[in-house]
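To start, I am sharing the structure in question, which I have written as structure tokens.
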Amino acid sequence: MLTIGVDIGGTKIAAGVVDEEGRVLAADRFPTDPTDPTAIENAVVAAVAQLRQGRDVGGVGVAAAGYISPRRDGVVFAPNIAWRDYPLRDRLARGVDLPIVIENDANAAGWAEFRFGSGRAVENMVMLTVGTGLGGAIIADGHLLRGAFGAAGEIGHMEMVPHGHYCGCGHEGCWEMYASGRALARAARNAAVAYPDRAGALVAAAGGPGQKIKGTHVTEAAAAGDELSVELLANLGEWLGAGIADLAAIVDPELAVVGGGVVAAGDLLLEPARESFRRNLTARGFRGELRIEAATLGNEAGMIGAADLARY
Amino acid sequence: MLTIGVDIGGTKIAAGVVDEEGRVLAADRFPTDPTDPTAIENAVVAAVAQLRQGRDVGGVGVAAAGYISPRRDGVVFAPNIAWRDYPLRDRLARGVDLPIVIENDANAAGWAEFRFGSGRAVENMVMLTVGTGLGGAIIADGHLLRGAFGAAGEIGHMEMVPHGHYCGCGHEGCWEMYASGRALARAARNAAVAYPDRAGALVAAAGGPGQKIKGTHVTEAAAAGDELSVELLANLGEWLGAGIADLAAIVDPELAVVGGGVVAAGDLLLEPARESFRRNLTARGFRGELRIEAATLGNEAGMIGAADLARY
Amino acid sequence: MLTIGVDIGGTKIAAGVVDEEGRVLAADRFPTDPTDPTAIENAVVAAVAQLRQGRDVGGVGVAAAGYISPRRDGVVFAPNIAWRDYPLRDRLARGVDLPIVIENDANAAGWAEFRFGSGRAVENMVMLTVGTGLGGAIIADGHLLRGAFGAAGEIGHMEMVPHGHYCGCGHEGCWEMYASGRALARAARNAAVAYPDRAGALVAAAGGPGQKIKGTHVTEAAAAGDELSVELLANLGEWLGAGIADLAAIVDPELAVVGGGVVAAGDLLLEPARESFRRNLTARGFRGELRIEAATLGNEAGMIGAADLARY
Amino acid sequence: MLTIGVDIGGTKIAAGVVDEEGRVLAADRFPTDPTDPTAIENAVVAAVAQLRQGRDVGGVGVAAAGYISPRRDGVVFAPNIAWRDYPLRDRLARGVDLPIVIENDANAAGWAEFRFGSGRAVENMVMLTVGTGLGGAIIADGHLLRGAFGAAGEIGHMEMVPHGHYCGCGHEGCWEMYASGRALARAARNAAVAYPDRAGALVAAAGGPGQKIKGTHVTEAAAAGDELSVELLANLGEWLGAGIADLAAIVDPELAVVGGGVVAAGDLLLEPARESFRRNLTARGFRGELRIEAATLGNEAGMIGAADLARY
């Protein structure tokens, strides 16, 4: 059976037809306006209509950032789109006569990696999406862990540092504030103030004062050998590994898949994460030990996972 | 079907016959020596033989502290007993001709609460056993989460404080070092040094210098109204609640059941835990919210849970 | 002997004639442009000329934010004005034929409190200026502690929290990020996100969304009884007291004077600071204990102190 | 003028005749019993009598661990000897007809380094005595900073980590718990549990299980190239440097002198301390920067400093 996956982002939606092996048979992108729920719905309806033409499609999975209702029919709260307790499935059903499920985007991406990507050989894994923020998904015994209220896997808000960096959620010390693209940019900007003598390459990459440094500048400068940038990525990796050790204590996966834009840094990120994980894992040597690997499906993971979850 | 549950502790084993409703039809306790694995096995064999007399027993569940193999047939590592990669099931099978499963003791206790205790109405819960240490169990969608290596639910070793208190595991800042009976005693002893003017009741309860204070002295003094003891319990409760907020972000249960000896403090512990949980929960008001409740099965939880898990 | 004190702020300078008892005989304010060093100098020269008319003035003390040279003749680095290794004394001497000394503004304010304000009866004190940032001054055995490089008393950049809040200085966890007007505003804005149900009064005081909350809104709402605001001030006070306990361990003053705009909160700030100090002081009961008191000279402290330091 | 310096330790006293250049003309050691104040006094009296024979001695300085009265005539509180509000000067005066002053031992050692050792060319320095604990002394503008209550320089109890390691003082996170011989031993023992595969050399050096590791084992193993030991010393050095950066913010010395037993590790300790200091110093590049150097007077520093302080 073919299904359609739709990944609703802040400024665009990505939609594609996916087969049972996770292959994307056709896909397209559509711009949207996050402040206009109706426009988003119309775009989804149009995308589905376009993609199912000439194909036998059995269902639609829609991925979005936010808290999804446990029954997978609505969005409880979305950080970037004007949805609050929003019955997205019913709204879409007015223009789509197929079964529809709503999923959290990080969960969808994790599911895709579990089914078709880096995690296809394991039954227990976590996925960490290190993008602007830090999203997560937990697969336990082959099942996606959604939680009692649809909020499982919101690992970015595990507190890592008492009285630590303020998070957009209003709390202090969230993991996301130490292990995300936003954290990387923030750390780089502060390093440019604290260590101006070491930040030359970064400031040059940003084409201006330190406050213009973005996470991608760090990744690029690190790839070119800039010492401070390598250090900043290593530091992010260390926080990543420390938190993965916590997840190992709690849900004990066999594999941690790291995706999102920052994973472009490759082993400059992953080796420090592995090393930090090993240092932080309790009872190391007396227990099995997870692997930390890069994701393989890239930006399409959310779309593919949403499509596949429409089958379950 | 009746099954027998055996809970192997450091100095004794508790064994009982349990029915499908979690009722204990008969039970007994047997002293053991933690340094002598053979003696422990003989005691288990004898206990099973005694308890099954005149009853139709279909299986045996054995709970022990430590890392249990994912296939539930052995002990990978036990903190208190001389077991390392130990084939406990095969060893016991030489004297017991019934199906046997080995389970982690905190998992067994959590399962008992889920099936027959405070959690019997929910599908997603965590159990926190606040005894000498801090043990945990996670039930997700009605299944006990064991993890890829049998180590899930070792929540006591989630790091709460970078560079924090040293833990017996060799790491710093483990949750157990802030939310356990050992942590309570340690905090009380240090408070007796830092605040001698406030520690009179505690020192009196311990019947000697501050270094003799135990967790039970704090609980008793708090029940009698001692201000410092009430504060120490509240502080423990706050760390408990903070960690539960982390668990909510990760596995999102509907209920957190608090058991173990320290829960005798009742609302002196649980109210601060609830308050701290609410303060630490990200997106409160935009998502469902778990309840924190005391366990109801007491010391028998491990035995009952082990017996019931023998059915699965 | 009369002297003139000049306090150079970001947008204005305050200047006054001060007698040996710390009385201000005449004073005035003059607007300035922080980006134009020459304009600032001209304003200082004009102010001095105006104030000394008809009076016998023996010297000029100039206070400014930043690192002052140990010889009190220049500004090494100023955070708010375009001065780097700037020979301010020589520049001013071109228009002022009086002895001139340059002083750090927080040091000047602390000296004023020591000589004529809350600290006039003690020989060892610290002053904490809790304004937008957190400035400090240390008086030891009746002498202002300037340090080897003119940087003593920069207490706001003592690290309180490893991996804590980012500071404008590029580092993490500076005391200033927990105990200043900026910290108060930041904490309030985050509380408005984390606890929207408790932030009604604050949001109303700010006349708009939570991100518009300023420190003064918190102080006002607290004075009117708003529970969250009272709690935010208490929290600031606790950090203040904790840091004062550190200062007690290091320089052991008899008195800590708290000034700056936030001290308008009075005992809502100072009582939690005192309580926290007592809780954090090592060897309490076995050593003398400082008092924490509000400053008494208000905004004029920097001017008065600068004038008086011109005599030394 | 010659003076006698006496350094009272837990199990022995060291006494010597010192000239105005800090040279020790004669010295001896005498065993004592820390539980018997009278025996200690008798030993001091006998030592002074013996050393002044045939010499023109003008005064006696006595150094001891603990809080010393501001008037330098008694011990307010001693951690290791049974003294509480003890009039040590008057007691000694019954057997010594010379002027006597009592000083804190870390202050005395710091003063010796300032006058005759690593600090003889500066006017502003701090001394850190990294022995079993972490002691300190502050010299500001050529004066020993004693504080209002005789407790200045107790830098070991500055809080470095909120909720950090418990200290013997009853508080959490004291600097001493991260930068002292005790901290080194503690960290090594825990590393032996957390990283058994890396701790072979250390366990061998201790000649037994990990719990027997002492600080000297780490120093020795590090000198022999053991990777974990080098890392443990570097970690201690990092905490040292971080705290020195705090002292730079507060008292702004030109020099930090590191003494005590752990300084035997040399640059294995000091280089990481310097590097960490540079990373932690606010406004680096915009302000003068202290040097970190090893002490040069060794074990005799307390005796020499006490003798010299008898002249002031």
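By written order: A, B, C and D. Residues from 1 in each chain.
What we mean here is this: a residue touches a chain if its C-beta (ideal position, glycine included) is under 8 Å from a C-beta of that chain, and two chains touch if they have at least 3 such contacts.
This is a predicted model, so every value here is computed, not measured.
Peer 1: Given the pairs A-C, A-D or A-B, which one repeats the contacts seen at B-D for over half of the pairs?
Peer 2: A-C
Peer 1: Looking at chain pairs B-C and C-D, which one is connected by more C-beta pairs in contact?
Peer 2: By number of C-beta pairs in contact, C-D is the larger.
Peer 1: Roughly how far is chain B from chain C, going centre to centre by Cα mean, in whole Å?
Peer 2: Measuring from centre to centre gives 52 Å for this pair.
Peer 1: So, what's the distance in Å between the C-alpha centres of chain C and chain A?
Peer 2: Chain centres of chain A and chain C, defined by C-alpha means, are spaced 45 Å apart.
Peer 1: From the mean C-alpha coordinate of chain C to that of chain D, what's the distance rounded to whole Å?
Peer 2: Centres of chain C and chain D (C-alpha means) sit 34 Å apart.
Peer 1: Could you list the positions in chain B whose residues touch two or more of the other chains?
Peer 2: 161-163, 169-171, 194-195, 282
Peer 1: If we count contacts the way the header does, which residues on chain D are in touch with chain C in the complex?
Peer 2: 67, 70, 76-77, 84, 122-124, 136, 138, 140-141, 143, 145-162, 167, 169-171, 174, 242, 245-255, 280, 282-283, 286-290
Peer 1: Once bound in the complex, which stretches of chain D touch chain A?
Peer 2: 162-163, 194-197, 279, 282, 284-285
Peer 1: Any idea which chain C residues touch chain A in the complex?
Peer 2: Within the complex, chain C contacts chain A at residues 161-166, 168-173, 178, 186, 190-195.
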